[in-house]
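Chains here go by letter, A, B, C, D, E and F, matching the order in which they are written, and residues are numbered from 1 within each.
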Amino acid sequence: MKLKGKRVVMLAEEGFEDLELWYPVIRLREEGCEVIIAGSGSKSTYKGKYGLSVTVDKTVEEISEDDFDGILVPGGWAPDKLRRYKSVTKLVRNFWEKNKLLATICHGGWVFISAKVLDGYKMTCVNAIIDDIKNAGAEYIDREVVVDRNLITSRTPKDLPAYMREIIKFLETQEV
Amino acid sequence: MKLKGKRVVMLAEEGFEDLELWYPVIRLREEGCEVIIAGSGSKSTYKGKYGLSVTVDKTVEEISEDDFDGILVPGGWAPDKLRRYKSVTKLVRNFWEKNKLLATICHGGWVFISAKVLDGYKMTCVNAIIDDIKNAGAEYIDREVVVDRNLITSRTPKDLPAYMREIIKFLETQEV
Amino acid sequence: MKLKGKRVVMLAEEGFEDLELWYPVIRLREEGCEVIIAGSGSKSTYKGKYGLSVTVDKTVEEISEDDFDGILVPGGWAPDKLRRYKSVTKLVRNFWEKNKLLATICHGGWVFISAKVLDGYKMTCVNAIIDDIKNAGAEYIDREVVVDRNLITSRTPKDLPAYMREIIKFLETQEV
Amino acid sequence: MKLKGKRVVMLAEEGFEDLELWYPVIRLREEGCEVIIAGSGSKSTYKGKYGLSVTVDKTVEEISEDDFDGILVPGGWAPDKLRRYKSVTKLVRNFWEKNKLLATICHGGWVFISAKVLDGYKMTCVNAIIDDIKNAGAEYIDREVVVDRNLITSRTPKDLPAYMREIIKFLETQEV
Amino acid sequence: MKLKGKRVVMLAEEGFEDLELWYPVIRLREEGCEVIIAGSGSKSTYKGKYGLSVTVDKTVEEISEDDFDGILVPGGWAPDKLRRYKSVTKLVRNFWEKNKLLATICHGGWVFISAKVLDGYKMTCVNAIIDDIKNAGAEYIDREVVVDRNLITSRTPKDLPAYMREIIKFLETQEV
Amino acid sequence: MKLKGKRVVMLAEEGFEDLELWYPVIRLREEGCEVIIAGSGSKSTYKGKYGLSVTVDKTVEEISEDDFDGILVPGGWAPDKLRRYKSVTKLVRNFWEKNKLLATICHGGWVFISAKVLDGYKMTCVNAIIDDIKNAGAEYIDREVVVDRNLITSRTPKDLPAYMREIIKFLETQEV
């Protein structure tokens, strides 16, 4: 268990991509990392795009970046909902200001666009939103996982193995 | 019937916002306007976000902007699918180059972002994508309908009455 | 906006034909007409046959025909539910007694049968209920829209453009 | 097994009331009666209102009343579909002309209305269609099962025990 | 009506096989038998595998075998839920100890396995659980219905006619 | 990547527990292990209990235990289907005879019961099937993961982290 003592936040909202939320959550728990599911406050249980459910532990207002080593955003339609909340984009920006891990996959990049943190980063995403992340100042790279400093990004559920290998490596080597 | 002899294209893809597609289609037909439903080619019948269906008349490859007075894009998840097709963004751009009507509502702005036609326009959209259309060079205005030259935009299904009043006025007064 | 100052009631119940309820509602609002959605009181939000929802503004008990210029009934399975309520058939009959607009499409004729107002009218309806409206004393005509005095009827969603053209014309010319 | 050698037809179409079709079918088979499921020809497998399925054995065109002792019609939305077919109403009328068993429950009365066989019968039905069967010349009685000569009718699924007791008694005593 | 004065319990839980619960319930009521639907207490209304619903009359804790002539268990996924409750298996065992009717079909055998009452019985079941009932000490027979003393079992919904013929015969001849 | 060169089979059938199939599959791929999804042959794509899908790579007939290091069985309703196939139980038994990895979680134990390989093993499972695995000769232990020689078992999705830690450790240390 490589991540004992580490703590991360996974954001959740209606329509999350089921495996893009659940695979990282269980995977990090397998390494002893504590994972808190945080929602926008709109509901306490959300349904994924294909039917899995998730119950949130806290709302984003109850989360401080000081207590965590990073924040993850799933894909699906959840990012389209999450980015509308000031409380969400502010929290993401706080993690960014302290150079803590920002990780996302698929459509999750939308949340980082609205948090205004992408300028100057190399990253990847689902092909649908390439224009949006480019317009936000990021450089798009078509690769299963892109690591640029504290930002780790992948494209689709197929990339989950590569995505988690890099996230675990990052958290393992990051000084607390 | 104010629009006899007019012809417009309505784009369709999986997950279209049901009323944002169907209300304009029936409304324009009520005015004698011919409406062709055009899809990306991925399927011949699409299901809306809430359950209505639509069968396409043609694929976008079979459409020439020369035969139409304008193009409409519904909201919902369809724009996220439509913008991935070169054939779709090229067709939208062709309408733009000839100053023909471009109309959209809700999430439809994404298709215009990927068609790279928004720079310099005043417009509106659903709040989720405000950052995306701003990053694409448009000026966001929070109003039920915004008309800037050949671009007519609204925010959500609640705005459909205002949206269609402006679209009909535009097509009625536009010289063929 | 041709119908400023006009007011109509749209009845709603579980299983309404989605576009047969929503197209007239939005269409009349586009013309400045006030539209109140009235339910039987069984629920406050109903689901349409294909998945759209509608929330009622009032129950039929709270509606007086004196405050409105007409009443509309959607098709789908809602009429099968609506006709079972005395409060519904009584309200419809009140509109009929004052020669105000009665409009329906598809299966909506069932509500008028149970309100016992169809005797002597020319009308149309979905083919399934032709025998029922004939047995109730109406004369069936197979046409997209039939206007006989204050009764306006259509057959299926395909007829919505013709249906609304006649309803708007009727309300526009009707003296308040 | 009281009905060995007897044969009846059960009509089926999309949206049949699940138990109103399946309870009589299995019940008659329990008594050794042969039951053939006959559809309009629109599909080979139909889904009930609540989710059960039924696969038809024949289309109504392939059925002759000479080979059967009676015909049953389930409720739900299936009758609204069935009554639109000339082949269906003609077959029902043929059973009626030969004084063979006609049995139905709930909304099934619509099929008999369109077959024009109800005039002069005492019967019952779901409350929604009372006006329709009265207008067709029948006398409505509010009782769990009404037997008038060869017509056996009930109101809702709750009446299935009484309904089947009378149907079995009728078939048992009817001379072949 | 052959079963006047008789009383049986039908167990219910989420995912019951729709006809395996409802056919016996209505069938027994047709014979004048009183049928009480008893649940585990987890919910008051359960949904069947295909969509039918059932509302329970009592929880198993409120049932005493002294007041009933037998207990029936439907198939589907309900048995997988029911067998987890001590209160359920205890009640079944009480019926067994007093030699009262135990009847089940399809997957219902699981409940009897966990009640530890199958040892030495001849019986049948759906093919999926043959190994489980054999390991529990029963002898499997591939026949539409197997009657061994007070245990009556069938395989699938196709066997419902034979199943109910034997259950009714058993209850009819059983001394009260 | 600890499992380069290793190969395992994951069985699939309708109603598999979504995460119990997908988490191990992606997890093993993250470690460089090749995972083949094998079905009974009944379909090529299966739907999970909550809505995720899986497309099989091969049928069990096309799989030889000689080419793999182990076989995994997900929970949900899939095991109830899988155990009915001779080809499935024979394949599982072949892995057992060669002392290769047998791993399962939740209801998956049913497949091993029907493969007749559990006698003498210590193991765990979902509480519903405890009686079945005991009757098959296994000793039940209530722990998140139980490893007894080549058999690794867990109880529910909550146990997935512990389950995969042991499976990976087993495959890593197992000589090829």
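FYI, a contact is a pair of C-beta atoms (placed from the backbone, for glycine too) under 8 Å apart; a residue touches a chain by one contact, two chains touch by 3 or more.
Source: prediction; values computed, not measured.
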Exercise. Using each chain's Cα centroid, which is most distant from the centroid of chain B?
Worked result: E
For this session: Consider the two chain pairs B-C and A-B; indicate the one with the greater count of contacting C-beta pairs.
Result: B-C
Exercise. Distance-wise, how many Å sit between the C-alpha centres of chain B and chain F, to the nearest whole number?
Worked result: 50
For this session: Would you kindly tell me how far, in whole Å, the mean C-alpha position of chain F lies from that of chain A?
Result: 31
Problem set entry | Junction residues of chain A, two or more chains touched | none
For this session: May I ask you to sort the chain touch graph into line, ring, star, complete or other?
Result: ring
Seminar exercise, completed: Ring order from chain A through chain F is A, F, E, D, C, B
For this session: Write out the stretch or stretches of chain A touching chain F in their complex.
Result: 1, 18-19, 22-23, 26-27, 29-30, 48, 50-53, 160-161, 164-165
Problem set entry | List of chain C residues in touch with chain D within their complex | 77, 80-81, 83-84, 107, 110, 113-114, 116, 127-128, 131-132, 135-136
